[in-house]
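Okay, got some structures for you below.
Shared chain: chain A. Partners: chain B in the first complex, chain C in the second.
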Partner chain A sequence: MLASIVLITLAAAPLGLLARRGPRPLIGWGLALLPAATFALLLAQLPALSGEQRLVEAIPWAPAMGVELRFTLDGLSLLFGLVISGIGTLIFGYAGHYMASDPGLGRFMVYLILFMGAMLGVVLAGNVLTMFLFWELTSVTSYLLIGYKHDYSDARRGALQSLLITAGGGLALLVGLLLLGEAARRAGVPAGEAYTFEAIIGAGEAIKAGPLYLPAMILVFLGAFTKSAQFPFHFWLPGAMQAPTPASAFLHSATMVKAGIYLLARLAPGLGGTPLWSGTLVLVGGFTFAFGAVVATRKLDIKALLAYTTLSMLGGLVMLIGLGGKYAAEALAVNILAHALYKSSLFMIAGIIDHETGTRDLNRLGGLRRFMPGTTVFIALALLSQMGIPIFFGFVGKEIMIEAALESPLADPWRYAALAAIVVGAVGYIVAAWRLFKNAFLGQPSPDVLQQHVTDPHLGMLAAPAVPAALSLLLPLGLLPFVSQLLAPAASAVYGHGLELDLALWHGVNVALGVSAAAILTGALLARFERQLAGLPLSLPIWLDGAKLFERLTDALIAGATVLTRALQNGQLRRYMLYTTVSFLVVAGLPFILYGTASVRLIPDPQLQPYEIFAAALIPVAVVATIRARSRLGAIIAVSVVGAMVSLFFVLFSAPDLALTQLLIEVLSTVFLVLVFSVLPSRFEILSSRWKRSRDAVLAGLVGLLMTGLVLATSGSSAFSSISPFFLENSLAKGKGHNVVNVILVDFRGFDTMGEITVLLTALLAIYGLLRMRRAAPRPPAPSPSGGERGQKEGI
Partner chain B sequence: MTLILAISIGCLFAGAIYLMLRRSVVKLILGLLLLSHGVNLLIFTMGDGVRRGAPPIVDDAGLPPANVADPLVQALILTAIVISFGLTAFVLALAYRANQAVGSDDLNDMIE
Partner chain C sequence: MYDSVILRSVARLMLPILLMLAVFMLLRGHNLPGGGFIGGLVASCAVILQMVAFGPTFARRALPANYLAIAAFGVLFAGVWGLPSLIGGQPFLTSLWLPQPIPGVGKIGTPVLFDVGVFLTVVGVTTQIALLLAEEPLLFPTERGPADGEGAPRA
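This part shows the complex of A and B:
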C-alpha cells in the first residue's frame, strides 16, 4: 500500500493537465480527491501504529547490491504523510480558484502532484537510498514550481538559487548517507540491510563510537540545513516566494522545508545525544529561530514576512531535535502540526489578499476588515495561533516547547540559550503578526484598496484556509485526546521509546506558563510601538545577508570561469595540444617518477639481431628528417620510411597480418599525401619563434622519454589474466580458421570489425561531402556586397 | 627487443607531439601519422610479450606454435591501423578544403 501511495501519486501527475480547460475551480477540488484519498488511507493506519509498531514494504531494486525500494510507515512518517496529504487536499482546491485565469494551470498542477508524490516518498521511504531518490525529486519539482512564472527574472533567480542550494546540499547528504550505511555495515549489519533506517538507528551506538560518525554527520547536517533553510543557508526560502501562492503555501509552510526536519527527527533516536549533535542543532536552530523572528518584524511584503516566520519556526524545530529528551520529542510533534495548520492558512490568505487587492505590500493595504469579514475572522484565528495566545493550538506548542528547554538533558548554558531563543521567537511572532493584521485589516482603507472591488473570495476558495485556521482553535478546545493519540506514535519514533502523550491546555501555574506570559506581555508592549520599531535604521551586515553573499559567490564563479575559458579555449589548436601535453606530463609523469621508476627493467636479449637494431635506429633518423624537412616531398618520404620500419617490426616480431595491412595502408596514405600536398605550397615556412620551437622540443622530448620509461616499466607485467589463450584454443575448433588474428576479426570479435567498417564508411561520406562542396559552390567572384554574403554562407 | 621497441615508441611520440605543436596544417597531419604508428607499437608491447618467429597461426590439429605471439593485440592493432587510415584520409580532405577556402597552410589564419 505504501509503495502504491507514492507511485500512484507520481503516475497520476498527467491528470493535472485536466485543469487546462473546463470549470477550473471544480477540477481543482476534483484533483484534491487524490491527496484526500491518501489522507484517508493513512489515517486508517493509525490504530496499527500505537507504540513503536511499523509497516514495512520492500520491492527488490538491485538485489545483487542489496538495494531495494523500501517503504516504512511509523508514527513519524504518518504525521508527515497526513500533513502533506491533508494540506495538499486544501492546496489543490485552492489552486483551482487562485489560478482560475492562468493559462498554465494544467502544467502547474502536474508539477504540484509530482512534488506531492516526491514528498510522500521522502517521508515513507524505509532506507536512506530510497529517501535520497525522492529527496532530490523534491528539489527538482520545487525548482519547477518556484520558477513557474519563468518570464519573470526574479522567479528564475529564486528557482535557480533554491535548486543550487538544496540540490547542492543533497549531494553532501548522499555522501553522508552512504557513510552512515557503511558505518552500519562495519558495525555488523548484513550488507543487504545496512541502508535501512532501522539498521542505522539500531547500530547507533557503534556508529557514534566509530570514525565515520563525524564526517557523516557533518554531511547529513549540510543536507538537512540547506533543505530546511537553516542559517546561513536560509536565504533561498524568502527568494522562493516567487512561486505562485499555492506552491508557496504547500512547499514552504508544510512540506519541502520540513524534509530536513523529518530526516533529523528520523535519525535522532539512533544518532542523537552526542555533543556534536546537540551542540550543532541547538546552536544553528536556536539562532535561526531568533534571527527569523526578528527579521520578520521588519518586513513589509506579507509573503516575505511569513517566509521569515517560517524559517524561524524551522529553526525552532531543529533546536528541539538538538535538545533531546521526552518533552522535546513531544514538542516537535505538536509544533509540526500546529505550524502546518496556521502557516498554510496564513499563506493561502496572503494569496487571497493579493488576488483581491493586487498587492501584498503592507504600506498599500488597510481597512480590509470592512470588505472581507470572513477572511478577517480566519486570518485572526491563524495569527492568534501563531502568536501562541492561550486556547489556540500554537499556545499548546509553545508551552511544551518551553517545557522541552527546561527539561532537556543538556547542560544549563544550552538550556538557557534555547529558552532565550524561544522567548525572542515568541515575542517576534507577536510583533510580526500584529504588524500584519493591523496594517492590512485595521485602520482606514488605503486608496489602493478603495479603487478595487474588494470582497471575500468565493466560498470554495475561502474554505481552503478556513479549515486549518478553524482547526487551530478546535483541536485544543475539544479534540486534544484525539490529537494526543495521533501524535504519540510520532513522538515515540523521535524519542526512541514508546511514550504516552497527554496534551492539555491548562497545566496549572508553572514556570512554562510564567515564561509564556512574560513573552506575551513583552510582545504586546513591543507591538504597541510596531511602527517605531520598523523605522529603526537597521541593516544586515554582509555576513548575515546570505542572499548577497551567494550572489557575489556565483558572480565570482562565473567571472572566474569566463577568464579560464578565454585563457584555455582561444581557438588555437596547438594551444589545446600544449595544455594536453603538459597535463599528460604532470598526471602521468609525476606518479611514474615517484613510483614507476623502480619497475623499469632492462632484460638482456641475447637473440637481438643487427638488422633489428638497424630498423630501430632508422626510426629516430626518419622522425628527425620529417621534422626538419624543408620540402613537402622530403617530409612525405621521411614519414613513409617510418611506416616501412614499423611494418618491418611487425614482420620480425611474428605479426604477418599487421605487416601486410601496414604496408598496404602505407602505400595508400603516401598516394593521398602526395595528391593533397601537391596543391599546397611546396615548401614549409618557419612560422614559430626560436623560443617556442625550443620549448616544444623540450616538451616533446620529455613525452618521448616518459613513453619509453612507461613501456619499459609495464611490458611483461600482466595485472589480470589474458583472454588470448581462449582464442588460440578455439580458433580452429569454433572459428574454422588457422590464422587466429583473422578469426578474431571476422568471427570472435566480428562486431568490432563491423564498427571499424562503419568508421571507414563515415569517413568516406564526410570526405565525399567535403570535396563535393567545392564543386557545388563555385568560388565567390571578386568581393562585392552580395558575393561576400555568399562566401560566408558557404563557409567550411 | 622490448628496449628497441620502447625507444622507437619514445621517438615516435616525441616527434608526433613536436609536429602537432606547429602552426602548419601539414605538420599537424604528419604528427598524426607518427602518433598512430607510436600508439600501434605501444599496443604491440602490451600483450603477452613480443615473440620472434611464432605468429599466431595454428596447425591442422588446432595447436599454436610454442611460445606463440599474442593474437589479441594483433587484432586490435589491425583495427587501429585501418581506423587511423580513415582519420588520415579525412584530415587530408579537410586540409585540402581549408587551403581552398583560406589559401594558407597556417592554422592562425583559420581562426574565425
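This part shows the complex of A and C:
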C-alpha cells in the first residue's frame, strides 16, 4: 500500500493536464481527490500504529548490493504523510481557483502532483537510499514550481538558488547517509539491511562511538539545514516565494522545508543526544528561530513576512530536536501540526489578498476588513494561532515548547539559551502578525484598494484557507483527545520509546504559563511600535549574509569556469591534442615509470615468420611517410597503409572479424578524409615555428614509448586469468554460435553493444545538430579561398 | 563528384551486390566471420560509393531512406529484443532461441534480431554522417545543398 501511494501519485502526475481546460475550479477540487484519498488511506492506518509498531514494504531493486525500494509507516511518517496529503488536498482545490485564468495551470498541476509524490516518498521511505532518491526529486520538482513564472528573472533566480542550495546540500547528505550505512555495517548489521532506518537507529550507540559519526553527522546536518532553510542557508526560502502562491503555501507549510526536520527527527532516537548533535541543533535552530522572527517584523511584503516566520519556526523545530527528551518530542509533533495548519492558511490568504487587490505590499493595503469580512475572520484565526494566544492550537504548541526547554536533559546554559530563543520568537511572531493584520485589514482603505472591486473570494477558494484556520481553533477546543492519539505515535518515534500524550489547554499556573504571558505582554507592547521597530537600522555583517556570500560564490565560479573554458577550448585542434597528450603522459606515464617498468618483458616468439616482420616494418615506414608527406593525398595514402597493415595482422593472428571490421573502417575513413581534404589546399604548408614542431615531436615520441611499454608490460602480466577460455568454451553451448566474436557482441556482452550503438546514435545526433541546425540561422557567406587557408595555419 | 566513367559504371553495378553482401554478412555472422557491425559497414559503403561517384543528391535518390530514422529505429529494435526475457523473469537481454532452425536463414533467436538492430544503427549512422558532410555547403559550395532542391547528378 505504501509503495502504491507514492508510485501511483507520481504516475498520476499527467492527470494534472486535465486542468488545461475548464471548468478549472471544479477540476482543481477534482484533482484534490487524489491527496484526499491518500489522506483517508493513511488515517485508516492510525489504529495499527499505536506504540512503536510500523508497517514495512520492500521491493528489491539491486539485491546484490542491498539496495531496495523500501517503505515504512510509523507514527512520524504518518503525521507527515497526513499533513502533506491533507494540506495538499486544500492546495489543489485552491490552485484551481487561484490560477483559473493562468494558461499554464495544467503544467503547474503536473509539477504539484509530482512534488507531492516525491514528498510522500521522502516521509514514507524506509531506508536512507530510497529517501535520498525522493529527497532529490523534491529539489528538482520544487525548482520547477518556484521557477514556474519563468519569464520573470526573479523567479528564475529564486528557483536556481533553491536548486543549487538544496541539491548541493543533497550531495553532502548522500555522502553522509552512505557513511551512516557503512558505520552500521561496521557495527555488525548485515550488508543487505545496513541502509534501513531501523538498522541505523538500532546500531546508534555503536555508530556514535565510531570514527564515522563526526563526518557523517556534519554532512547530514548540511543536507538537513540547507533543505530546511536554517541559518546561514536560509536565504533561498524567501527567494522561493516567487512561486505561485499555491506552491509557496505548500512548500512552506507542509512540505519541502519540513523534509530536513523529518530527517533529523527520524534519526534522533538513534543518533541524537551527543554534545555534537545537541550543540549544533540548539545553536543553529535557536539562532534561526530568533533571527527569522526578528526579520519578519521588518518586512512589508506579506509573503516575505510569512516566509521569515516559516524559517523561524523551522529553526524552532530543529532546536526542539536538539533539546531532546520526552517533552521535546511531544512539542515537535504538536508544533509541526500547528504550524502546518496556520501557515498554510496564512499563505493561501496572502494569495487571496494578492489575487483581489493586485498587491502584497502592506504600505499599499488597508481597511480590507470592510470588503472581505470572511477573509478577515479566517486570517484572524490563523494569526492568533501563530501568535500563540490562549485557546488556539499555537498556544498549546508554544506552551509545550517552553516545557521542552525547561525539562531538557541538556546543561543549564543550553536550556536558557533555548528559552530565550523561544521568547524572542514568540514576541517576534506577535509583532509580525499585528503588523500584517493592522496594515492590511485595519485603518483606512488605501487608494490601491479602493480602485479595485475587492470582495471575499468565491466560496470554493475561501474554503481552502478556512479549513486549517478553523481547525486551529477547533482542535484545542474540542478534539484534543483525538489529536493526542494522533500525535502520540509520532512523538514516540522521535523519542525512541513509547509515550503517552495527553494534551490540555490548561496546565494550571506554572513557569511555562508565566513565560508565555510575559512574551504576550511584551509582544503587545512592542506591537504598538511596529513601524518604529522596522525603521531601526539592523543589518548582518557581510561574512554572515548567506545571500551575498552565495552570490559572490556563484559569480566567482562562473568567472573561473569561463577563464578555464577559454584556456582549454580555444578551438584549435592541435591545442586539444597537446592537452590530451600531456595529460596522458602525466596520468598514465608517471605511475608506469614508478611502478610498472619492472613488469616490461620481451617474449620472443619462436614462430615469427619473415613476412610478419616485413608487415610490421611497413608500419613505421608508413608513419614516417605520413609525417613527411607534402601533399594531402600522399598523407592519406600513407595513413591507409598503416591501417591495412594492422588489418593484415588481424588476419595473420586469425581474427577475421576484426580484420574485416578494421578494413571497412579504413576504407570509410579514407573516404571521409578525401572528402574533407578535397576542399583544402592540396599541399601542406608549414607555418608553426621550429620550436613548436620539435616539442610536438618529443611529446609524440614519449607517448609512443609509453604505449609500447604499457603493451609489453600487460601482455607479459599474469595478474588476472584470461577470460578467453570461458568465451571459447561457452560460445556454442550457451550462445549457440560458432563465431565467438559475434556471440560476445550480441549475447555475452549484449548490454555493452547496446550502449555502444546508443553512443553511435548520439554522435550522429551531435553531428546532425552541428551541421544542420546552424542552417536555421542566416547563412554565413561562402568561404573565400583565403578563408580555407586560414584554417590551415601551422599545418596539421 | 568524381566525374569518371569507370567509377560510375562500377558503382552502379556494385550497389545491389554490396547490399546483398551486407545482408549475407549479417546473417552468417553468428557462426562465421560477419555480423551486424560488419554488415552495416558494407551496406553503408554501398551508399557512400554512390555518393563518391555521383554526389550526395543522387545517392539519396538511389536509396531513398531517412538514415537518421533508421539509426534511431535500430537502437530501439535492438533494445526491444532484450525485453522478452523479462517476461520469464530473467535479466534484460538474456538470449532466447527458437527450437528449430529456419531453412535458408539458420537458427533464429533474440541475439540474431539484436544483431539486426546493430546492423540498422551502423548503416544509419555511417551513411548519414557521410551524406551530411558531403552536403555541407560550407565545405562544398559548388555542390547543391538540399535547400536548393533536388538535382540530377552533375555531368
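We adopt the following convention: the second predicted complex is superposed on the first by the 574 of 796 C-alpha atoms of A that agree within 3 Å, B and C clash if a C-alpha of one lies under 4 Å from a C-alpha of the other, contacts with A are read in each partner's own complex, and residues count from 1 in each chain.
FYI, a residue touches a chain if its C-beta (ideal position, glycine included) is under 8 Å from a C-beta of that chain, and two chains touch if they have at least 3 such contacts.
Since the model is a prediction, treat every value here as computed from it, not as a measurement.
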item	value
Touching partner for A:444 - first (chain B), second (chain C), both, neither	neither
Which superposed partner A:657 touches (first chain B, second chain C, both, neither)	both
Which of chain B and chain C A:672 touches, first, second, both or neither	both
Contacts of A:751 with chain B and chain C, given as first, second, both or neither	second
Partner chain(s) touched by A:452 [first = chain B, second = chain C, both, neither]	neither
Touched partner set for A:597, first chain B, second chain C, both or neither	neither
Contacts of A:626 with chain B and chain C, given as first, second, both or neither	first
Comparing the two partners chain B and chain C, which touches a greater set of residues in chain A	B
First, second, both or neither for A:569, with chain B first and chain C second	neither
First, second, both or neither for A:738, with chain B first and chain C second	both
Overlap of chain C and chain B interfaces on chain A (superposed complexes)	656-657, 661, 665, 668, 672, 675-676, 679, 738-739, 741, 745, 753, 760, 763-764, 767, 771, 779
Chain C residues within the chain A interface of the complex	29-38, 41-42, 44-45, 48, 52, 68, 71-72, 74-75, 78-79, 82, 92-93, 95, 97, 107, 109, 111-112, 114-115, 117-118, 121-122, 124-126, 128-130, 132-134, 136-141, 147
Chain A - residues contacting chain B, complex	571-574, 577-578, 581, 602-603, 605, 607-608, 612-613, 616, 619-620, 623-624, 626-627, 632, 635, 639, 642-643, 645-646, 649-650, 652-658, 661-662, 665, 668-669, 672-673, 675-677, 679-681, 684-685, 687-688, 696-697, 699-701, 703-708, 711-712, 714-716, 718, 722-724, 727-729, 731-733, 738-741, 744-745, 749, 752-753, 756, 759-760, 762-764, 766-767, 770-771, 773-774, 779, 796
Footprint of chain A on chain B - complex, ascending	1-24, 26-30, 33-34, 37-38, 40-42, 44-62, 64, 68-72, 74-75, 77-79, 81-83, 85-90, 92-101, 105-108, 111-112
Chain C-touching residues of chain A, taken from the complex the two chains share	656-657, 660-661, 664-665, 667-668, 671-672, 675-676, 679, 735-739, 741-743, 745-747, 750-751, 753-754, 757-758, 760-761, 763-764, 767-768, 771-772, 775, 779-780, 782-783
